[in-house]
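As written, the chain order gives the labels A, B and C, with residue 1 at the start of each chain.
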Amino acid sequence: MKQFTSVRDMHDVNKFVQEALALKQNPLVHSQLGKNKTLGLIFLNPSLRTRMSAQKAAYNLGMNVITVSMDKEGWSIEFEEGAVMNAGKTEHIKEAAAVIGQYCDIAGIRCFPGLTDRHFDYGEVVLNQFIRYCNVPVVSLESATLHPLQSFADLITITENWNKPLKPKVVLTWAPHIKALPQAVANSFSEWMTAAEVEFIITHPEGYELDEIYTEGDTVTYDQENALLNADFVYVKNWSSYRDYGKILPVEKNWMLTNGKLGITNNAKVMHCLPVRRNVELPDEIMDGENTLILKQAENRIYAAQAVLKKMLAEI
Amino acid sequence: MKQFTSVRDMHDVNKFVQEALALKQNPLVHSQLGKNKTLGLIFLNPSLRTRMSAQKAAYNLGMNVITVSMDKEGWSIEFEEGAVMNAGKTEHIKEAAAVIGQYCDIAGIRCFPGLTDRHFDYGEVVLNQFIRYCNVPVVSLESATLHPLQSFADLITITENWNKPLKPKVVLTWAPHIKALPQAVANSFSEWMTAAEVEFIITHPEGYELDEIYTEGDTVTYDQENALLNADFVYVKNWSSYRDYGKILPVEKNWMLTNGKLGITNNAKVMHCLPVRRNVELPDEIMDGENTLILKQAENRIYAAQAVLKKMLAEI
Amino acid sequence: MKQFTSVRDMHDVNKFVQEALALKQNPLVHSQLGKNKTLGLIFLNPSLRTRMSAQKAAYNLGMNVITVSMDKEGWSIEFEEGAVMNAGKTEHIKEAAAVIGQYCDIAGIRCFPGLTDRHFDYGEVVLNQFIRYCNVPVVSLESATLHPLQSFADLITITENWNKPLKPKVVLTWAPHIKALPQAVANSFSEWMTAAEVEFIITHPEGYELDEIYTEGDTVTYDQENALLNADFVYVKNWSSYRDYGKILPVEKNWMLTNGKLGITNNAKVMHCLPVRRNVELPDEIMDGENTLILKQAENRIYAAQAVLKKMLAEI
């Protein structure tokens, strides 16, 4: 595995989920595999769960870790091919990525979208150039359009919490927020659910349609209530508009999930990638209630990362 | 030991001091105890000594360490129960603490007081919520009202430097400063000295009385000269007013300790927790003189932290 | 080796280069040497290569590492002897350095020049005080006037890429830039080339003369073309004026190296310490061409650091 940036980088999703669940049972069984190997974690944006879970996963495999908060401790990076660098950028991604690759056996990078230039963001210019010039296996720690370690952890969590023969009904529902957020988690969850053995429905207000490349074949509806009917898992997430790129559009009804709304589900489990703004995205009654899987998702971030790192280490 | 936030979390203070002194003699004797265990260090505020000494202590015990400068690399945290998070805060302490606890075997947190809302600060809202939701043993790396790792190191240092049968006379004296500082170090030192086998006196200008919960039974005087008479150890520290909360009150005399003032002591050793503003809190003649124990205190931070971590590891 | 701040700290430069090249062949052969030893890396300024390569070198030797971005995570430091610290500085270098030394077996520090006070910068006040009070071996991670780990890596790179009996002709050429940069890399490269078995020439516009202490005996010319004639290695670097201290002086011709200019060299290899501003300091045609050694220099930063740390560890 030369890169982990999308579900498409996985040969067999189900096998990977089982691998992660096995690692969760015995996290230290491969603690010699990463000996004398170094994981470099490069952050162009803030991170708590990703930062900590990736380090924990690496330690479980016996790796060394170097973290760089590039936006604060390093240099500002130029991404444009052919740029005359006579303004604010100090170093080109070509050199930065190549150098980082020389100091690490595996590299991870986090890079949020700017949400102003859709073509640039959806071209994954930052991630793709990093991969191109880095020369070692690269793990996405969330990119402009996808957050694969999160979605992998989400699928692990759903698998752990489902033991019936029928496919579960999984709903992705848009939630309110006060800031314009990336579409990455929603894109990514859609992509993974489409690949998984589930019945998947997306619901959001008009104008919040995701890029169809991630939702091909999925049912999409503006009717939240209808989507929630008999749901087994409800994934809650805000995102800004993809069509009117990066904008917060006016929304009439209150899209926040409540215990009342959960009443029409199949006593659905509630999921969110965190950080969550309480009583804006999700109410306290759900966050503190019995239906939440949110902390389990966060815990499974360790084993998602560990399964990916293990696979990469085995192939180095 | 599920938490280390105050001298009250210690069963037997003297035994702990002896344990730390033993670790100082053989820092690596327990280097397998922490193998495959992870210490998470969360900083909401700047730190040099605490950051480095806690890491060193963890390494001596064979632990892995993850540090997060939450104020810079992570998300801004909401602490209010029931808050509608539609303003500047991104994540609630309930989730942040719970997630951190899932990635660590022991967690440390540093959180300074705001010095504007005494009720909030002295309620230790940040620390207590972190502990409540973290689900793993928590070490205070300095909280709003106390700095127990510092005070533990201070007591280790006094013990090392006292070999007479009588109790030493220990004086805590207020010192000038240009900024409003927390009362945490003064509260904490008072609490520990009250629990230790010493004769303890506090001296400060009028209006700088500490919260009596930490000074119960202690002699308190506005007369610095009288306090210093025959002192064996003089602990120097500035703090802002507790009564007129967070304020710097006008002070008539010069409260800075000098070699002249040391003349009436029992050739007292001088202590300070660092960082110190030279020639404001303490003059060069003392900082560079023979009576200072200040660097020894800093060194003992390693063994204070190591004794606490060792105890926690042994009970996990 | 008690300090590594300049080529003058090296007993035998050539032997050290051979040692580094041997480590490059077998990076892990001394992986027990640094066991239970701690490297402290203190950054007063941004760093990518130095931060990562020093950590990688330490891990190769089995060391633990503590990094502190002092400018962001720690306290602001006072360097003036006798200062009354009643302004913006929180801690004196005397205490900060001494404390750091207590928590580490070897300490590294990065401290850029302010470029306003030449006397202060060229007195290396920050580095020298750090060394004076730290009490453990100190590695410069780039100081106000020198960058010895870079120059060591540069010499390793030249040695690797030269296999003829005659000395290579090495040219240091000034390059354009939009900001006022330190002279450190240019000073340092000059110092090391003067000590190495090479024919060394410096070329720069009038007014950009380096401090003669680093260029004694070297040929210096304002005629770039003449300098480049038959060159085997061309080291490209911008620096601000030393005479008119820290200033960017008007320069008539375009000093940027091009493939055209390389035509008169002996098919010279091109070097730069990074970060480089493309198409300002060096054009894409050279950065992406076949003559560049720039990434090799960056890679060799690991083995330069490792050779220095190994020497220090062996003598502790």
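Here is the rule we go by: a residue touches a chain if its C-beta (ideal position, glycine included) is under 8 Å from a C-beta of that chain, and two chains touch if they have at least 3 such contacts.
These numbers were taken from a predicted model, which means no experiment stands behind them.
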Given a C-alpha superposition of subunit B onto subunit C, how large is the rotation in degrees, taken in steps of 5?
-> 120
Is the contact between copies subunit A and subunit B built from the same residues on both sides or from different ones, judged by whether over half of the numbers are shared?
-> different
Just give me the whole-number Å value for how far the CA centre of subunit A lies from that of subunit B.
-> 39
Where does subunit A touch two or more other chains at once, residue-wise?
-> 72
The subunit C residues in contact with subunit B across the complex are 36, 38, 40, 64, 66, 68-70, 72-75, 78, 82-87, 89-92, 94-96, 98-100, 102-104
In the complex, the residues of subunit B that touch subunit C are 28, 31, 43, 46-49, 51-53, 55-56, 59-60, 69, 72, 178, 274-280, 284, 287-288, 294-295, 298-299, 302
